[in-house]
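Input: one structure, supplied below.
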Amino acid sequence: MVSLRSAPPRVIPGLSLSLGITLLFVTLVILLPLSGLAWQLAQLDLADYLRIIGSERTLAALRVTVTAAAMATLFNGIFGFIVAWVLVRYRFPGRETLDAVIDLPFALPTAVAGIALVSLYDGSGWMGRLLEPLGIQIAYSWWGIVTAMTFTSFPFAVRALQPAIEELDPDEERAALTLGASGPALFLRVILRPLMPAILTGVGLSFVRSLGEFGAVIFIAGNMPYETEIASLLILIRLDEFDYPAAAAIAGTLLGASLVLLAAINIAQHRMQAYLREAR
Amino acid sequence: MTFDIRNIRKSFEGTEVLKDVSMEIGTGEFVALLGPSGSGKTTLLNIVAGLQHPDSGTLSLDGEDITRLSAGARHFGMVFQSYALFRHMSVAENIGFGLKVMPRGSRPSRRQIAARVEELLEMIELPGLGERYPAQLSGGQRQRVAMARALAINPRLLLMDEPFSALDAQVRQSLRASVRDLQQKIGVAAILVTHDRAEAWALADRIAVMGEGRILQYDRPERLREAPASEAVRVLAADAS
Amino acid sequence: MLRRLLILAALAFTVIVVILPVVSIFHRAFAEGAGAYWTAVSDPETLAAIRLTIVTALIVLPLNTVFGLAAAWAIARFEFPGRRLLLIVIEAPFAVSPVVAGLCFLLIYGAYGPVGAALADYNIQLMFNLTGIVLVSAFITCPFVVREVLPVLQVTGLDEEKAALTLGANGWQMFRHIVLPNVSWGLAYGVILSAARAMGEFGAVSVVSGAIRGQTMTLPLQVELMYNDYNATGAFAAATLLTFLALATLALRGLLHHFGPKRDQAA
């Protein structure tokens, strides 16, 4: 019997070339930079980290970022659901245009979104002129941050929900109605429950995107320390002061929170889908 | 020409799918590998084609050891179960592909390739369809184009993996006859993998009945019926007639 | 009744949140008339920013195309240890927010970072110049091509590639004649998304650009600069250019979607 001494050649060519290019790129462009952050963080001991994060200004920036992101996510959760529902279930003139326009915030550079929003909501803007006499100040306030975050993360909510709504069976809703289900009960049981995994994804992605949003926010935020200063901006300010440890500590916190959230969404989604399959 | 398969063994993740398989194929001979799925027949064909590598054993063609040769260097024509036609190329480009990718020194001229493609289109009775794309063809037509593409490179051996399985019964009958005609006209030895007994009996000079990674019996169809080596082969041969 | 109400709510929200801001850009850009608009667009600094933005994209896109094809090929066609981990790492840039991304590059390749400091001894500077902008843009856009090409490779082409090999094609011929045509739609899609993102990126680029007027200002940075200089017409005029870019991206994407192969229809 003849045995082959070395490993047989692979049939499909290109493993070493493609993997080589991939690993080189991944190392230089992804892994090294991420390890740069890790390296800077590793030089901090816990006390330093807590002192930076626990400082009043950092805490305020984190609070502003998280609360505004939560409010933007709430808006997008509600209106994203309505828009997705309308797009899937109803046929009306302008539906296709509406569908196409949803992706505009994805495609529009964030700096453009930023100056667009401020031009709309400042004292001389169309919305500003309408709202300021009513005593509602959006530009250069916390609500401005919410508006910017809502704009940039809006597509996440809609696009996550659309395919899930398409999979709902309208017959089930009709059947529930004929069985005497009331409106709210129908909505909760037959519509909202099977959509939960998609809602969670849309809302989660929207929130994570909002946490890190920068370009759209800084134009309209006013950027007052303690009041309308977001975490990303504070990172940049610390960088300008060459306070790299502080910049890294805030960035690490932001990145850590995003990663934990993304992982949690993933896990929760799997659990929910498994649960829904069993319930069927 | 003699093609010799010697002591081929192959395992996937600890499961042995080919257990010491040996057989030889003579000049112009049409051989069928017949067996149920999981018998190892497709793995054996892929090893012959150079698309998989055996753990041990040798393949030789007229005494030349080709075990370590790449699929392309073997110069075998292969007809895939899915036909694997290049969907972005016209029928003519599909058939001419093997000639177009030959090294510069031995590559025929563009005109020679076109002439060869025309000739093959005539041979498979699809003249004038060279400009079509695979998606515009019927299943039977695709099968014939796959056949022509494999034959275009003047292969030393023709390999066919369940080439009729995607066709309906009527088309299958008529194509069987034309495949056999074509193979005889060209005089190339052929290996056909099939799970269809009737097909093996209708086409093959010799049939290798495979089961659980071994060749149970390798002989002419009538010998399989007259002198089955085992109960399994006897049942198979009886049903096939 | 409910139906009308919902449609109305959806339209109203989308118009206020998405459409009005975009219309407002054009309103402001042309507030001082078309002449002022053209003067603003042809301002030398703006033109320099346009040039830098295009140069950046022209360097980043080939890099990302080669990387995306290589990574998708390796992951789709081969088994190797760490394959799943590699996919997660490639997706990671989408989870990193812009300023954090820029900071990461500064911390490693900047003058005070371990790699940057070592290179500084050889007089090589990677940050606050075109290299920095290219690197960070490559980071931000690198998942796009892989994301579009990998699923196509996973469901199609393996038999065709094997057929090409049995017919005598070498690796390059197989890639050029079989693989590339098979993934071309997905590749185009990924490249368009990368291009839009690379040209429009603001946060990450602003960290590493150094913001040298007329030299390391990309168009989005130039928008901010002019806006902070109270040059509203200039800022909004530059913004309209980026808006056209976004609209063109969406239009191209729509065209590819319309004319390209449907995802589930693998022949």
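When the chains are written out, they are named A, B and C in that same order, and each has its own residue count from 1.
Following the convention adopted for this analysis, a residue touches a chain if its C-beta (ideal position, glycine included) is under 8 Å from a C-beta of that chain, and two chains touch if they have at least 3 such contacts.
Model, not experiment: these values are computed from the prediction.
Of the two chain pairs considered here, A-B and A-C, the higher C-beta contact count falls to A-C. Farthest from subunit B in terms of Cα centroid separation is A. The centroid of the Cα atoms in subunit B and the matching centroid in subunit C are 47 Å apart. Annotation: 54 Å between the Cα-based centres of subunit A and subunit B. In whole angstrom, the spacing between the mean C-alpha positions of subunit A and subunit C is 18. In subunit B, 50-51, 70-71 are the positions where the chain touches two or more neighbouring chains simultaneously.
Multi-chain contact residues, meaning those touching two or more other chains, occur in subunit C at positions 162, 165, 170. Residue positions of subunit A touching 2 or more other chains: 11.
Residues 49-51, 70-78, 80, 82, 84-89, 97-98, 101-102, 134-135, 149-150, 153 of subunit B touch subunit C in their complex.
Those residues of subunit A that touch subunit B in the complex are listed here as 1-4, 8-9, 11. Listing the residues of subunit B that touch subunit A in their complex gives 6-7, 50-58, 67-68, 70-71.
By the touch rule above, subunit C contacts subunit A in their complex via residues 3, 6-7, 9-11, 13-14, 16-22, 24-25, 27-28, 63, 66-67, 69-71, 73-74, 77-78, 80, 86, 89-90, 92-93, 95-101, 103-109, 112-115, 135, 138-139, 142, 158, 161-162, 165, 170-171, 174-175, 196, 199-203, 206-207, 220-221, 223-224, 227, 235-236, 239, 242-243, 245-247, 249-250, 253-254. Within the complex, the subunit A residues that touch subunit C are 10-15, 17-19, 21-22, 25-26, 28-37, 39-40, 79, 82-83, 85-87, 90, 92, 94, 98, 100-105, 107-117, 119-120, 125-127, 147, 150-151, 154, 208, 211-215, 219, 232-233, 235-236, 239, 244, 247-248, 251, 254-255, 258-259, 262.
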